[in-house]
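Structure below; questions to follow.
Note that the chains take the letters A, B, C and D in the order they are written out, and that residue 1 is the start of every chain.
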Amino acid sequence: MGKQVQQLDRVIIRFAGDSGDGMQLTGDRFTQETATFGNDLSTLPNFPAEIRAPAGTLPGVSSFQVHFADHDILTPGDAPDVLVAMNPAALQANLDDLPRGADVIVNTDEFTRRNLAKVGYETNPVEDGSLDAYQVHALPLTSMTVKALDGHEISKKDAERAKNMFALGLLSWLYARPAEGTLDFLQAKFARHPEIMKANVTAFQAGWNFGETTEAFSVQYEVMPATLPAGTYRNITGNTALAYGLIAASQLSGLPLFLGSYPITPASDILHELAKRKPFGVRTFQAEDEIAGIGAALGAAFGGALGVTTTSGPGMTLKGETISLAAAVELPLVICDVQRAGPSTGMPTKTEQADLLQALFGRSGECPLPVIASATPADCFDTAIEATRIALKYRTPVILLSDGYLANGSEPWRLPDVAGLPDLRVAFAQQGEAPFQPYRRDPRTLARPWAIPGTAGLEHRISGIERANGSGNISYDADNHERMVRLRQAKVDGIAHDIPPVKVDDPDGDARLLVLGWGSTYGSIGAAVRRVRLGGGKVAQAHLRHLSPFPANLGDVLSGYEKVLVPEINLGQLTLLLRGLSLADVIPYNRVRGQPFHAADLVYVIQEMISHV
Amino acid sequence: MGKQVQQLDRVIIRFAGDSGDGMQLTGDRFTQETATFGNDLSTLPNFPAEIRAPAGTLPGVSSFQVHFADHDILTPGDAPDVLVAMNPAALQANLDDLPRGADVIVNTDEFTRRNLAKVGYETNPVEDGSLDAYQVHALPLTSMTVKALDGHEISKKDAERAKNMFALGLLSWLYARPAEGTLDFLQAKFARHPEIMKANVTAFQAGWNFGETTEAFSVQYEVMPATLPAGTYRNITGNTALAYGLIAASQLSGLPLFLGSYPITPASDILHELAKRKPFGVRTFQAEDEIAGIGAALGAAFGGALGVTTTSGPGMTLKGETISLAAAVELPLVICDVQRAGPSTGMPTKTEQADLLQALFGRSGECPLPVIASATPADCFDTAIEATRIALKYRTPVILLSDGYLANGSEPWRLPDVAGLPDLRVAFAQQGEAPFQPYRRDPRTLARPWAIPGTAGLEHRISGIERANGSGNISYDADNHERMVRLRQAKVDGIAHDIPPVKVDDPDGDARLLVLGWGSTYGSIGAAVRRVRLGGGKVAQAHLRHLSPFPANLGDVLSGYEKVLVPEINLGQLTLLLRGLSLADVIPYNRVRGQPFHAADLVYVIQEMISHV
Amino acid sequence: MSEAEHDQRPASLRLVPSTEERLAAKDFKTDQDVRWCPGCGDYAILAAFQAFMPELDVPRENVVVISGIGCSSRFPHYMDTYGFHSIHGRAPAIATGLAVSRPDLSVWVITGDGDGLSIGGNHLIHALRRNVNIKILLFNNRIYGLTKGQYSPTSEQGKITKSTPFGSIDAPFNPVSLALGADATFVARSVDSDRKHLTGVLRAAADHEGAAFIEIYQNCPIFNDDAFAPLKEPASRDDRLVRLQHGEPVRFGAGRTKGLRFSAQGSLEVVEVPGSAAPDDPVSRGTLVHDVQRDDPSYAFALSRLDSEGFSHTPIGVFRKVERPSYDALMATQIELAKAGQGIDDLGTLLASGDTWQIG
Amino acid sequence: MSEAEHDQRPASLRLVPSTEERLAAKDFKTDQDVRWCPGCGDYAILAAFQAFMPELDVPRENVVVISGIGCSSRFPHYMDTYGFHSIHGRAPAIATGLAVSRPDLSVWVITGDGDGLSIGGNHLIHALRRNVNIKILLFNNRIYGLTKGQYSPTSEQGKITKSTPFGSIDAPFNPVSLALGADATFVARSVDSDRKHLTGVLRAAADHEGAAFIEIYQNCPIFNDDAFAPLKEPASRDDRLVRLQHGEPVRFGAGRTKGLRFSAQGSLEVVEVPGSAAPDDPVSRGTLVHDVQRDDPSYAFALSRLDSEGFSHTPIGVFRKVERPSYDALMATQIELAKAGQGIDDLGTLLASGDTWQIG
């Protein structure tokens, strides 16, 4: 007999286990089912920097959090309603984040004395009452899986490894997720190992059936599809969206895409994705280091390609000298920095927003460049196109800032109408009156001509040594240098009139506090602002995509509010720039924990400030 | 019969010729004579980036300006009273800087049709009246030299090359300089080529005698010694002073000096000077690149040496990632950036102040570091010691900013009393209670222990990956990361209480305008302020040595004045920092010409502003 | 160890103190859990290295292990000595600064095929050229492990990886050839799974004055499993592995009946020699007797070319070990001479050097 | 040039257009005054290069010269083609990106011993390993010229320079050995003062598909004058210069009576052979006949070791020239195949790939 069904408007589930337990895969699949079901969602994978830390230890814990709802949501959520803990380490590592009353599904098979000891549990928390505050479902997931699989021609090890599918099946039933996608997925993934495939399918179904039949779960939950704008949707991570954006930009500009890159967490997946896309004529060059990566991209740009390089913090530092050269020779180049926690190697798999000032100033001399940042995983697609637009139009390197949270996090994305994407075609220089002036500038954009090798009559030399404006010949003339320094600055400043003004979301127009953010904090700030408003608080929100130059109206926007709060996952980098720009006494709010903000923390800060304006 | 002697209080002479004419040497010698004579002085060498541009062309012109006086002076001066032009290119390249009425000594032998053509003179300016505004002394310096040398057993070429000594002799007579120093110098320099030596000596004397006897010069000038504080003086360039400062710091700390460096203009001479100093136990390592240079210095620091690296803008960018590592492992390191005109290769032999923001922010993540800057050539000595003091005491990399003008410019330096120099001795960690905590911090300085290999019981591992405060073990803990980020910031901020407050020079204490500078603009700002005051203008001056952290009283100082003018040889980098710090609406004044400010320009701006406060 | 014994030490360790009482492998283990995947070849190398340490006879505090970034570069955290887990590719540069300024230390560099040959290639060849007294262990798993499986400069051409879904198109480096081309004075190769062999090579490296380069074939079960299987399978092993022993005729193959001879063109060819044949025995005349001390690296280079992607014949052991004063020794000598010499060595005198004048 | 003729071109230039009418050296001169010191060897190299250009038979607009920083790297400013005077050491990386994306160009890299072997060493060896279709000219004057005279990675040990007043202590690279150790497919050496020889080497490099490395001994009269004097003095020249000619027996010395033979240890030894001796003549049997195409680089490597600081025997010419598909060619092929294949090549389809769902 069917069980009673309870409606929920939103749920946050966290799958946690050992690096070897396949939690990322499990989370991915649950996310896909949820996506196809039509909920809005947001995810937060979280894994160790090591490939595989010792089994059963805290550093080895890998988790995946998914937040889904019947309305549009902005973050992966602060506190899980459900924790799936595949072993004691997973339980201990995640317990602190659980609100009292949350459901905890533990795999009791793994709660052996040895495993408990590994994380310092003297007694078994599942039995010693220390979980009384939660709804604990103690299940022998491993043995149930193995039992379900007896008769299958696979090793015990393989049988045990299928336990994540059992768990997935159980959760899929519990939240009434459509299972087809996962079944198809397993068919495809294990096509070459039919026995393994059958085992995983069986395990999944066993989990599902267990949920349906066991007394352990009295109710099944239902989260209705969200009413999102009509269209075709897919779930997408920031890195994939960024890669797609670059391919789109290449198609829209008609320029072949050349990526020069060196692997680095969390940027590598962009290289991986683009490497697959040779049918689009994409050339990916895995260089010997970051310097060669951007060097090759610049060489390709000199030849008329869309030159791109992708990296993260430490690699970005190494690229500085070549970025400076690109700025000097004024060629288009797109530089993607997927920020991670620093300084130095820092915490490679954790997120941070602390490369902003490096992006602006990490080069010798006066070397201004356009800098833009992505706000959500899907926004990486649009910002990649915008970065390319600016680079091609103004003949300048452009820095695009993403971060580890956007890179690996995902959200549903409404596919854009390809026909509606901007036209990025460029006109290469054509032979005109001689002598050719490689540094004669377009009076409007101040961009210089892009004259590519192969064009007769435009032979010219470019150099990182200061060049005479116009002829481009080496010049040590004092006046010319000052002119060039100011022209390079003016070119970047001028872009302010070619980008949309900052839009402020201030429903009743009577808020006295503005919360201004940039980059991946968009979701958490947005969620916090909503909650504050639900509580009757008046607060305005604005988010910056363009950080250099700032939109022309930013100064006015700032002066339009009594107080401006600037939350950043750094020590106040945008704050410094805003104060420098406007002398407005903006108030920073900074957490630097390698994680996205908790909306709850922001709610608190915003309410505090409202009560004091 | 002796000639009439005229007293002057100050003179500015510029020697200009082809790169091959030995103008730098001539200027150096004249400077030495002037120094030993006891004048105060300031010099400005100016040479092309090429080793040798084609003879007789404008890019080939090399010049040396010396300003000397009977009172203390601060700059090499804006406009020469005397120009020595060894060829047409030298005349053309420097004429614009000459005030009407200035003396111009031209070497007519070089004013051939061919040489005139090379710089586009259709007629000979010496004859066509275009120099009527000046006091022209047209002399066949080359042929006079050759004549004076006939009988000497040297080639015609060598004879001609001695013409710079003839010119030096003439000028030495004209300004009654003591000649012994130069004669000794020539003896030493050409010891191995006695014929050349004799020839140069003869040429020098011939020039001197020519001045004494010819009608061409009716008067001899005299500039009395300046009344400087009592002491032993020498003339010194910024690069030499910086090298000496590092050696002093090594002696004062008792730590062996290890320099890891890669040659780059204008920093190379520091490497050259230190390479000579092996008797002090100085180890210099010419690395394969800038990254290896700082890497080796950091390795040496790990081993307990005073690790130093020296470079200029582009090299500084390359070092960023390793600087970030040094900040993460919290080891002492001194990083000297002798700034030059950028971006990219820019103008290697020209000066600029545009690496300030790179020094502060040119690294990924939150990576705060102490940054200090030298104000004058001699000040490079003191700042090298101060940089070392901070690095050793706080166990942090420290960035010392010099620039091309300080590096090659010179001034008289009153030798410090060695006994009076600060004590920089450090205590390495000693075995204490186990386990050793490599990141346990000194509560006052927040510095961690410096435990060097070879110390039994303190074996430990350091890493660029985030470390647990205390144990130093790898940690991905969110709270620990935030703690470490803030601790690193607090450590640097805390230094503000360990440095002198900004001193403001405001004679009557009633100025309403403050001129605030940093680095090598000290001289030109000082000179301008003086002139304004002579004209009755009220203006206060302050100059920053410490740029990160700022002195604790800086905010108050800024708010103490109605207007604050910040002149910089960049587009306003300090300005941004000051606005960020204090929200004071400081007013930038920026020239970016690859040259020091002209005091005259500053005088104008200051007077303008005074008239508007 | 007695004074006398101490003086018996190889030049490379003459300035390094020796231990009071003999240490054990466990003395070199730290309390950090080892964070490599199950089955990773790095475990075996770590075990061999820790077991070798007592034999090195240097106090723990005088041993320094410096690494870059990569799975392999985690190594220092597991060695209870001084350690520096630095940044990607820069370990040889950092180690150079330390070795040059601290001759009393035994400095070891741990790097990977990406860390040491990709981003760090330049520092590596320069350290070898300079003959700095550091010992470099390059863990070659022919893959980027830590970043989860991109191809490396030692991956075979055509390799399918995350970053080369259509197969890699660049020819790999032969690390031994590269090191020889860079004028390295000590070049060797070993295998993670052969503890005895690896230990022997470590000993030889430690005894060498100057830079020692050791390529270690290391299996990465996760991203490049069995990359070196042909050299490990008992069946094929003996035919493929050419074990080099200084002073011994080169013999390999089941029954050790194969030898090597130079062709007139200077390439090495494999020839059959009756197993028993002594070096001077006519039948084996002309076949190689291994000599690591040949001044001309051409011999060692030719050996390195025997190696082929298919591992048809893969020499392991020490290829080259020649005497050349180390960079740090030469630096130390220059300093001593300079200090003993006439040059200025007093600060006051230095400051007052050149033309000075008095005022007042 | 006719279609037919065009197809006769070497693979390296097959995709590069040929000129309508023949150009002259002067067509490649720019209006910039050349800024090298009087007597600098760079002048001769520039002249030889400009004179060779017409022979290359590529339109000016399809020739690109890319350099780093150094006196030598000023080169592009004097070539009336496309040019990129970039930053220190990075020219090979920049050239790689250009060559890989533009097979219709003839790409030349100009570098120095500091630019190419010190800061740029890693990019150089990786470009050679990958066999990217670029031609690299390394001007080796064994000194840092532009920065006014510090020693370089090719300076002889003990050299007194601004940065080594007590003499340098590191052993130099042998650039040819290094390139061979990096698996370069084309390696050659020439001398600034021998225009004819240099031109021949340039031709051979241009014809080679893939990366060509040419070391050019270049005199710096200002900071390292006569560094190569022994190879230039008529007296000693013939005894020291070993001119390599593919297919010819190696002969040198006055009367060309000297030849080379491999010892049983794989080193080359100099032997006397009667001048007239043909390769197969008994007396000369066993002496080398030069063959640039040997797959095993051991031969070329052994030749490179003949070279010694004293220039006792210095081979010049092409050491090695073997066929291996170039990196850019392989990349182009992969792209073509991929485009022809089934993979997604439509943007809309790409965006909609994976699981999608409809709303509304």
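Everything below uses one rule, namely that a residue touches a chain if its C-beta (ideal position, glycine included) is under 8 Å from a C-beta of that chain, and two chains touch if they have at least 3 such contacts.
Note that the coordinates shown come from a computational prediction; the quantities given were computed from them, not determined experimentally.
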Over-half contact-pair match to A-D, picked out of the listed pairs B-D, A-C or B-C: B-C
Chain whose average C-alpha position is farthest from chain D's own: A
Centroid spacing, where centroids are CA-atom means, of chain C and chain D in whole angstrom: 30
Gap in Å, rounded to a whole number, between the CA centres of chain D and chain B: 40
Where chain B and chain C are represented by their mean Cα positions, the distance between them in whole Å: 44
Touching two or more other chains - residues of chain A: 49, 59, 276, 278, 288-289, 314, 321, 325, 329, 344-345, 463-465
Two or more partner chains touched - positions in chain D: 69, 87, 118-119, 121-122, 126, 153, 166, 331, 334, 338
Of chain D, residues touching chain A in the complex: 30, 32, 59-62, 64, 66, 69, 76-77, 79-87, 90, 93-102, 104-105, 122-123, 126, 331, 334-335, 338-339, 341, 343-345, 347-348, 350-352, 354-360
Residue numbers on chain B that touch chain D, as the complex places them: 49-55, 57, 59, 262-265, 268, 271-272, 275-276, 278, 284, 286, 288-290, 314, 344-345
Interface residues, chain B side, partner chain C - complex: 32, 35-38, 181, 225, 227-235, 244, 247-248, 251, 256, 258, 260, 276-281, 283, 285, 287-289, 291-293, 295-305, 307, 321-322, 325, 329, 414-416, 418, 453-465, 473-474
Residues of chain C defined as touching chain A within the complex: 33-38, 69, 71, 74, 87-89, 118-119, 121, 144-148, 150-151, 153, 162-166, 222
Touching residues (chain side chain A, partner chain B) in the complex: 48-49, 59, 312-314, 316-318, 320-321, 324-325, 327-329, 339, 341-350, 352, 354-355, 357-358, 360-367, 463-466, 476, 478-479, 481-482, 485-486, 488-489, 570-571, 575-577, 579-580, 583, 585, 591-595
